[in-house]
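Chain nomenclature is as follows: A, B, C and D, assigned in order of appearance, with residue numbering initiated at 1 for each chain independently.
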Amino acid sequence: MSYVLPGDVLTPPAPPPKSLKLGPGLLMLHTPGNPVIAHRPGVLHSTPKQQHWIETESRRYIPASQESVIGVIAYRAADAYRVDIGSAHLATLDALSFEGATKRNRPNLKVGNLVYARVSLANRDMDPELECFDATTRKADGFGELKDGFMVECSLGTCRRLLDSKHFLLPSLAQKFPFEVAVGMNGRVWLRAGSVKATVAISRAIGMLDDRQTSDDEVAAFVQLMDV
Amino acid sequence: MPREAEPSINQRDFVFSAVQQGIRVDGRTPLQARQIAICFGNELGWVECSLGKTRVIAQVTATVTRPSPERPFEGILLITTEFSPMASSAYETGRPSEEEVTISRMLEKTIRRSEALDREALCILTGKKVWALRLTLHFLSDEGDLLDCASVAAITALRHFRKPDVEVVGDEVTIFSPEERAPVPLSLHHQPMCVSFAFLGPANVLVVDPTHLEEQLANGTMSISLNAQREICVLQKAGGVALPADEVMRAVNIAVFRVRELSDIVSRALEEDSKTRVIEVR
Amino acid sequence: MDMDWDFDDEGVQKLTSPGEVITSATQFMRGHGTFVEDNDVVASLSGTIERVNKLVSVRALRTRYHGEVGDLVVGRITEVQAARWKVDVNGHQDALLRLSSVNLPGGVQRRKLESDELEMRKFFEEGDLLVAEVQPTHGDGALNLHTRSLKYGKLRNGQLVTVSPVLIRRRNSHFCSLPCGVDLILGMNGYIWIAKHVAENQKEGEEGFDAEAVYSNKNDDIDMETRAAISRVSNLIHVFARRSIPITDAILAEAYDWAVQQETSPSDLLRADVGDTMVAMVTALA
Amino acid sequence: MSRFEPLNAGNLRSDGRRPLELRSFSAQLTTHPSADGSASVSHGLTQVTACVYGPREAKNRGQTMHDRALVNVEVSVAPWAGEMRRQRARGDKRTLEFAASIKATFEPVIQTTLYPRSEIHIHIHVLQLDGGLLQASINATTLALIDAGIPMLDYVSSLSAGLYLTTAMLDLTSIEESDLPSVTVAVLPRSGKVTLVSMETRLHVDRFEEMFKLAMEGGKVLRGEMDRIVRERTAALARQMEGGGGTKEEDKMDTDDL
């Protein structure tokens, strides 16, 4: 693991490999030698396939194609919804981008409903677009309206940690009681458990994980002591 | 001005159903307040107060000025509230929002109108020289219940502050630097502090110390300023949901206890601080 | 409380005011101006109680226009938007007039072209007055209008008077011609259009009808006599409206005759004493 | 400074009223025909006019709400209203706070959900001020809203109360307000619930309840008076529409004609 700061120069191998892919936080300059610089502070991650990116502990979501996000319906238009996904602009969700949706049979979402969706288009010059199905199979694939439950907000880094299957929190909670959870890459986590108490317990555990003043051990201890 | 996005339906329904069962989203019971923490700066009269993740800084400074001609015996207290987008992106610089106006007016009424500060004691030379105190409140972070946090910070800062000692001989006024003579504390008539409530859900469950989410979802809010002597200084229920009179009285009685608790916390914090601080002249 | 609840079939109408319990909700259905609380139908307006079978409603005696399908309204264009106009009809939102709901010059059969959408101001511009009919609405309450009849469309050769919508009663035709050579359009929304009479042979569909003038912004020549008649009628309407007397063509014709007989000038009608005498005379006749 | 005696030995107040006596109350509806609804209210020497516009197309579309009407309140105090001529600035915090509490009082009472995306604008103009600013403004607004035919769950009636030693008194004048602890309440008379309570003076908790509950009772009485005025006007209007029209047409919301 290596930390980088904005402006740090990373030298790629001399003729840059064809497969070189620069993810968020990295930029190749068009000056002699084509140096790659970091423009965000964070942890540099690389894969053997020459993919590089920087993970940042930020709270502002910048949409990226194919990421799963949780959005709140902000407006209803005739044939599309405008959805708040925490980014600079509202995203557009076509009313037909749902499993089984036709011109006549559309999902009826209200302003304020939650949806779990995938970013289908993220372009810096256009509003992001979402879809609630897999465009090739037209199956829901887990996306769609999130009914009941509760939503908590946390940093983007916390979301990524929760999405890591090796992270301790969700499995250790699952040993205590059953629950459903949807983690959006945009710093939002939706959860639904059998009782109010359990839901509150999960949301507090996530809140503690998000709070930098509590260590992972304290969170683990909190989960162990939790009486639900 | 863009409005802050409203909480989702899921959040609203959950908060309401949970509070119906006596549970709040952060694990508190309806009548439980968040932990309050008070810390002091190097200077006298600099206080940072936090209530959960809500944070407010209060600072008191004093200068000598000429009193207003209508009130030649009285010193001047000026309360300024500094809202900035730092506390929450809902606040804008420039034109104040409704919440900002309500909070700053409540503080004004709690501290100035209730005569918390003995302003006559700020007089140095009648009609010529008085102390002008400036109480500045900086709102650093808004996670709900800014008003209660700010009122605790303000009262603590006024109790913490000391003004330089003065001596008047005839028309001659000498102001002593802290090195020459120990500065003197302000004289306060009483110490009013605010307690805010929110009414949540279809049954209008009363909760103390609402979080930001609860404030957004509330059917109505109510703030009561009291002092430890069980005197109401301000009671403000500006519209919102209609309540039976007994519910208002219940809130008043809860507030009485809460203020006593807050006064103890403030006194204890000031006591702790005074142990670590040397004010006397060496 | 067991309220003996009965409507007078004739005579005094029952009045109510906000917050007053009208009847039990188990036997009656709530209509406009009421809401249900704890099994009671409660009034939310001050006005007269009305009942149609099991439906109880309260009608306010002063309110903005509450649109109903089929109503004829007079309105004013406030905004030109993409493929639609916004029209002020004294309602709680501006009504919508879609480009597809108007007749364009060149006959009913003419197809809408994309160029029409770019030249919408050629048909209606901000501030233009029009007469239209309320269409079935879908969605969130904004009224939809249409002018797809030769009777409807842009208004010219006259003047607008606005009164409270409750003063206009629903009737078979809202287009009236007064004997004094003035045409009236009584919009259900309280907007009344008073214009120079259109001769029978110049009406839509007749040979004298000028299709190109449908969207014209120019008034025809109006002689002084007609102008005086228009302003006299408009002042009469003002006088009746101020005394909350419903406006009909019959009462206006009556009043007009009286005004001509008395040789009052149009402006004199607005004097309180003249108005009172006039109203007393006319209502006594009726 | 001369001593002011709020209650003399004969149990009379400075203006000769008994402690629980209200000042003469009068109200007039439709004072401004150009507004959709208007009312002028006076409590003794305090006189307030309220005008209501709407529900109408919102002037500022960005502020509209998809599921209910927006309520706007604007308050202006005439410079000559008080004892001393004083021009208040437009953005004055006291006035803004005052407008905000009127707005919050009426928002839950008006059935705003019937008018999505619309706006209801309330303008309050204080012409004369001798105590009871808040109560007069609330009562005037209630009447103006009724005049505009805007559906409301109930009347909102408001009254102030004060306390001299242990005697509670109602409907304070400006001189009493400046000398006594006082509270203003606004009630929904049908349910007897209280929507606004505003007290800005120091008072012991044990003394508060009596004064508070008396003000609520007084508010309910005031509702009767307002209702009488509204009914008189409604009856007069109904008569005019009936008699004056001379039409034989059905007066019902007939759907047969469609």
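Following the convention adopted for this analysis, contacts are C-beta pairs under 8 Å (C-beta built on N, C-alpha and C of every residue); 3 or more make two chains touch, one makes a residue touch a chain.
All of these numbers come straight from a predicted model, not from anything done at the bench.
> Taking all protein C-alpha atoms shown, work out their mean, then name the chain whose own C-alpha mean is nearest to it.
That would be D.
> C-D versus B-D: which has more C-beta pairs touching?
Most C-beta pairs in contact, of the two: C-D.
> On a C-alpha centroid basis, what's the spacing between chain A and chain C, in Å?
Result: the chain centres lie 55 Å from each other.
> Give, as an integer number of Å, the spacing between the C-alpha centres of chain D and chain C.
One centre to the other, that is 33 Å.
> How many angstrom between the C-alpha centroids of chain B and chain A?
Once rounded, the distance between the two centres reads 39 Å.
> Using the touch definition from the top, which residues of chain D touch two or more other chains?
Within chain D, the residues that touch at least two other chains are 66, 188.
> Can you tell me which residues of chain C touch two or more of the remaining chains?
Within chain C, no residue touches at least two other chains.
> Based on which chains touch which, is the overall arrangement a line, ring, star, complete graph, or other?
Topology of the interface graph: other, matching no listed pattern.
> Can you work out from the touch definition every pair of chains that touches here?
All chain pairs meeting the touch criterion are A-B, A-D, B-D, C-D.
> Which part of chain B faces chain D closely enough to touch in the complex?
Residues 1-3, 95-96, 98, 101-102, 104-105, 109, 113-115, 219-220, 222, 226, 229-245, 248-249, 252-253, 256 of chain B touch chain D in their complex.
> For chain D, which residues count as touching chain B in their complex?
Going by the criterion above, the answer is residues 62-63, 91, 93-94, 96-97, 100-109, 183, 186-188, 191-206, 208-209, 212-213, 216.
> Touching chain A in the complex: which residues of chain B?
My answer: residues 5-14, 17-18, 21, 23-27.
> Residue numbers of chain C touching chain D in their complex, please.
13, 15, 17-21, 32-33, 35, 37, 42, 44-48, 50, 52, 57, 59-64, 68-70, 78, 86, 88, 91-94, 140-142, 166-167, 169-172, 240, 242-246, 248, 250-251, 279, 282-283, 285-286
> In the complex of these two chains, what residues of chain D are touching chain A?
Per the touch definition, chain D meets chain A at residues 66-67.
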